[in-house]
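Structures incoming, each one as structure tokens.
After this come two complexes, each holding chain A, first together with chain B and then together with chain C.
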Partner chain A sequence: MSSLDARLGVLRGTTPPIPHNARTLAALTANPSCDRRSLLDAAGIDKDALAAHLDLPRPLRKSQLALDYGIAFERKVTAQAGAPLVPLLRQALGLTLPEVSYEDVNSVGSDDDKSSPQLRHARTRSLILSAAHRRSDPRTLLDHPVLRLTVAGHQAYLEPDVLAFQRDGVFHVVEIKSFPVIHGQPDPIKATAALTQAAAYVLALRELLADDGLPPDRVSDTVILVNPRNFTRHPTATPFSAHKQIKNLSRHLGRLRRLPELLDKLPPATTFDLAPGPDQKPTRPRNELVAALATVRPHYTPGCRHHCDLAFHCRTEARNQGRTAALGTAVRDDLAGIDTIATALDLTDGRMHPSRDKQDITQALRHAQRIHADLQQDTA
Partner chain B sequence: MDEHLVALEKRMQQLQEALRQALTQHDSAQVNVLGEELTRTRHAWNVLCGLSDVPDTAQPEVQPEARPEPALAVVEPNQGVPVRDQVHQALALLTVPASPKLLSQVHEAFFSSPLNTARMTTLRRDEERSFRSAPYGRAYYICPALTSDLLSPARALLALSTWPLEQRLVGPLTQRVHFLTSALRLADAAEHLAGEAGMPQPVQQLLLHYSRNIHGDTPRGPLDLDALRRAAAAELEIHADNDADTRAEAAQRARQQLGDAEQIFGNILRNTARMHRTS
Partner chain C sequence: MIQLTSLLRMRAAHTGNVQRASQLRHLHLSDQPLMLLALKQTGPAARPLAVMLGTDPHRPRLLLAPPSGSTAPMLSALADAVTAYIDACQRHREHLPATSNKPARWRYTDAPQILVPNPQTVQHLKDLGDDLRFRSVDESPGSRAVQRLGHWLTYLTDRADLPGSAALIPMTSFLGMHWVSGQSPQEDEDLATLLAWIDPPRHAASGRDAAHTAEDPATHRPAGPATDAAFDNDHLAPLFDAYARARRRALGLEQTRTLQELDRLLATYLQPTWDLMWQAYTLLQALPEAKGTARRWDHERTAFTDECTYLTQDGRPRPARDNAVAAAVRLACMEHAAAAFAAGRTAGDPFVRAELRTTGKAFGGPVTTIDPEHTLHGPSGRTQWRPRLTVFTSDPVLMEPGQLLACHTHPSARYKICEVTPGDGDTLVGLEITAGMGTMDRPNHAVLPDAGAFLVFTIAPAPYRMPEFPARDQTPWTHGGPPAGQPYHSDEDEGEEEQ
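Coming up: the complex of A and B.
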């Protein structure tokens, strides 16, 4: 165990770590400059349990019904060796008739529903490498392979829905999602989220190939999304370029390597351990936890509520400290360099002298205040 | 008595979960089957608890109207047939290993009632246990198909032990071959059935599903059995030789390496490190 692991282990306490997955990686790109989240995620801390212990309102969860529907759709598409998928991929990727081979990596060496990720990863690796080096027959479809991505020096196991491999071509990531594509158009927000998730798989697959000396362009930037067509339950496949998402994600992963710096800034003996008692109920005093959280700089944006369990904590904190971020990203960006609302007001009223780099923004603030005052006079 | 109650409670929970899944998949036939079994199980639980002491006899009278299926469902030929024999019927028709879901669909289409898919997992384990305690005691066993490379049981694929090894092995191309073969078999069976009085709805749906996945996107229209058969046979020819080679090689390997029970139920990968520690 490296010293980094040991230090992260101290932060986490006695509970086992929660590994990264494609969703947490996608959340990472949504707010990359949040030190608090990067640190908690890297240490594998259960943010949900933390939020529950702090009595925070929880973000909305996907309903069980929606999850079941998603699973049912995925089963339908991959049933009978991906029979519904084959004609779709023939159209989308130009697969030839003989390219139908199928390998189920859900379980290895037994008929359980799922084997351990380590075993499935080893199997995936050998299947992919033998296909890439053409030592075996082509592997056209891999059902639920397990890939590994290095995130901040840790190994995270990722599970794409399907990987497609063309004999003379490249690997494509196929992602099965249950939101509909209506007249060829999916919901753009959901499609982007799916592509960000797929970007993690593309990077993981490139990492696997690179370990064996194969170039990254063997994995295509184009991701195939399989969705229900219009208002039916029949699948349709649409190719999307995930180039932007892949670039974004790999840049953010690169920045995560600065974890040691973040750890150095923490006061000694900081920990987010919930200290669960014998009945698994957390016993750590709440004010201690809040103080520990305060040692790591957050980067709150109102959008955090959609993907972070601690969003409400960070919001309360930003409001209490009068931070401009609490007013939204637009205000924060306009007032770049001014952290708190109080400073901004002081500069506007002239109670505080602007330093040289803040003269522009102070003028803008005063101008805004004049307009505001004029408007109030007019209406009065 | 307690352990029986616990077992029943577990069973009810399993059934409820399966029922919820069937509901989200809009599989109304499966919902009916599971619902009935859940009622029976709950009744048994009530009786065991002493909440109601009437044995379960008054129940079947609701059944005839609960099944609005035409033609074939008038007589219930499968009412007393155990799941094991129903699976055998469907597999014998398909002649290839198949998933519980497909078996249930086929059984519904051709033998009038869907199967309880939740029961098939336990069925497979029971069969293996029975074989190991008294080898070859039964005429046939419901067993898993075997993967061609590791010779281990394939997930969610059931087969018959009376089939030769080659027929029970599954290589990379085999599942597509099975898909096409079963399309041919079902088309023949459907034609046979249609000779009497039109094709029943479930059969049509099943074949439409096949036709859509072989031709790609076809416009909605009457089902063309000949076109389906031609397309399936043409694609089958492309894969058949390659697949037969893989399976023959694997079958030879299996005969050399595996014992009797493993040749039927497969070789399960075990954690060797753990085995050393316990032995």
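Coming up: the complex of A and C.
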């Protein structure tokens, strides 16, 4: 075990690390400036458990109805050895008929539902490499392959929905998503999130091929999203360029290497251990946990609730400290350089003298204040 | 520069109390709006779960769609309710005499106004409209009414995109024009917390405290259309399962019982939001109307009258997606509406002017000198009357000489910047009046300000000319139905068996 791992292990305590998946990797790009989150994620700490122990609302809780709907749609698309999927991909990718063959990597080596990720990864690897080197008939569609991506020095197993391989030697990542594409257009936020997840698969696939000396362009930047069409449950396949998301994600994965710096800043003996008792219930005193969180710098925005379990903790903290960021990015950007509301208002009302670098912004604040005062007089 | 709203947001956060923004209402409020809350089912694109609607605060009506199976009966009831409301707006007409550029016309004296909690509900209704307006009309009772509902939803949600329209208004945005809370704009999209800031219950120490209480997960109910995961998992999923089981085994009684239970559950779920909607309505109604508000409502009634005429004469559904020309027309209309609404609000509302002064889009100050006799010699050698004035302002002036300006006191007058002379923190701006003052022979002296008058100048809106497009009755593509070669499928029934 590396010393980095040992240090992260101390932060996490006794529970095993939460493995990364494409969703958590995608979330890394949502708020990369947040040290708090980077550290907790790198250490594989269960943020949801943390939030639950702190008695916080859990903004990322999943709706069972949404999950059921998603599973039903995916089943429909991949039923009968991908029969509904094949014509869609044939059209979206220009596959020709004889190329299509289908392999489900879900159950390798046993009749059980799922084999271990290691085993399925090995099977995926051999299928992909033999297709890439044309050693066998290309398996054109791989259902639920298992890929591996190195994240901060660790292997994360990732499970794309489908990989498609073309005769011209290029792989495509295919993601099945249950949000609709209405008149050819998906919800842009959901589409971006899906493409960011797909970017993780593209990177993992490139890593696999690179190990075997194959160039990255054997995996296309173009990702196929399969969604319900309009208001139906019929699937439609749309190609999207994930170029931006791939670049973004690989940059953020690179940044995870600055972890040692973050760790060096922590007071000795900092830990986020929930100290589960014999009944698995956390026993860690809450105030200790809150104090431990306070040692790592957050970067709160109201958007945190869409991607981070700790959103309500960080919001309370930002509000208690009177941070401008709690009022949204418009206010925060307007006041660039001033972190707290109290400072901003003290400068506005002349209770505080601006330092040289705050002179312009102070003038702007006082200008806004003057205009507001005029307005009050007019309407009074 | 610091926006006035940013400063107010900080003041609100600091004091714990909401700050007033505009104190004049720029959108008409009907005496009888149709209040409408919608819940959609988690998962499918636009499958309704329930709608609560009505014009009487004490008698909301709840329409429920079963968790699985056909939504047709519910949609047909919704269509009837909405159509009845819209029909009631067509009871009286007024006659409009001919003007110089328009023949005599008539229009309805009323128009529908639907109030919904938030922009997300507008989007949901848009999706629903998209789905329903292409449904085929068949023998089944109500199918024509449902298609018509789709048409109206599309009309209303299109109007909602036009700044200044009051046909379909999301309440949180409406409130946000008049009050600035001490929470972030994202949090303002939650009706319950926003209203707690604005109008806290008497016993609350502050708006902030009230918002904090309103957020309590035990009592907080999101205003839709999405239900939250906790509600889905704890309440809806078990009932949905029970319903699906009963349906599979064809236990009619059991199905009815589950639906009744769902009805009770959702009625209780929506009731708090229903009450908040009327509370918000009362607050907004108490605001005095701005000057342009009635005129904007006149336009709304014209648009509504046109739509009714179109429906009786043609009635084909709008295409799924506008083609290039239709999209260009739509964009031009939106830009025009936005510019007109902005200009109207600026002219009529001191708060809007103050806000523009903090973003560099306007400056204001007293008139220091005025030269009412100033003349110019135009290119043709004719003498032109161009009165000049100087304004002293402490606002930063980011505009260049040559810029054309408008002023709230005489909306049709135009002023050209001749000179900008920055001083120590203040600026002198030399202006020339270029329009609105009449001619040498027939001068309009009213436009000449007195020295000392406080004026605010904004960038003049670019003169608007609707680009040349074919007239509406010659544009089959604006109402042509789905583009040819793309058959449209709706799966009202198919796929349901999977549940």
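Everything that follows uses one rule, which is that the second predicted complex is superposed on the first by the 378 of 380 C-alpha atoms of A that agree within 3 Å, B and C clash if a C-alpha of one lies under 4 Å from a C-alpha of the other, contacts with A are read in each partner's own complex, and residues count from 1 in each chain.
Here, a residue touches a chain if its C-beta (ideal position, glycine included) is under 8 Å from a C-beta of that chain, and two chains touch if they have at least 3 such contacts.
These numbers were taken from a predicted model, which means no experiment stands behind them.
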{"item": "Between chain B and chain C, more extensive residue contact with chain A", "value": "C"}
{"item": "Partner chain(s) touched by A:104 [first = chain B, second = chain C, both, neither]", "value": "first"}
{"item": "Which of chain B and chain C A:375 touches, first, second, both or neither", "value": "second"}
{"item": "Partner chain in contact with A:354 - chain B first, chain C second, else both or neither", "value": "neither"}
{"item": "Partner chain(s) touched by A:81 [first = chain B, second = chain C, both, neither]", "value": "first"}
{"item": "Contacts of A:90 with chain B and chain C, given as first, second, both or neither", "value": "first"}
{"item": "Footprint overlap on chain A, where chain B in one structure and chain C in the other make contact", "value": "65, 68-69, 72, 76, 234"}
{"item": "For the chain C and chain A complex, residues of the former touching the latter", "value": "1-11, 13-14, 23, 41-47, 127, 130-131, 182-187, 217, 227-230, 232-233, 236-237, 240, 320-321, 350-351, 354, 357-358, 394-396, 488-491, 494-495, 498-499"}
{"item": "Sites on chain B touched by chain A in the complex", "value": "20-21, 24-25, 99, 101-102, 124, 144, 150, 152-156, 172-173, 175-176, 178-179, 212-217, 235, 238-239, 242, 266-269"}
{"item": "Residue ranges of chain A in contact with chain B within the complex", "value": "65, 68-69, 72, 76, 79-81, 83-84, 86-88, 90-91, 97-98, 100-104, 106-113, 119, 137, 139, 234"}
{"item": "Interface residues, chain A side, partner chain C - complex", "value": "57, 61-66, 68-70, 72, 76, 178-180, 182-184, 228-234, 302-303, 319, 322, 324, 326-328, 330-331, 334-335, 341-342, 344-345, 348, 361, 364-365, 367-372, 374-375, 378-379"}
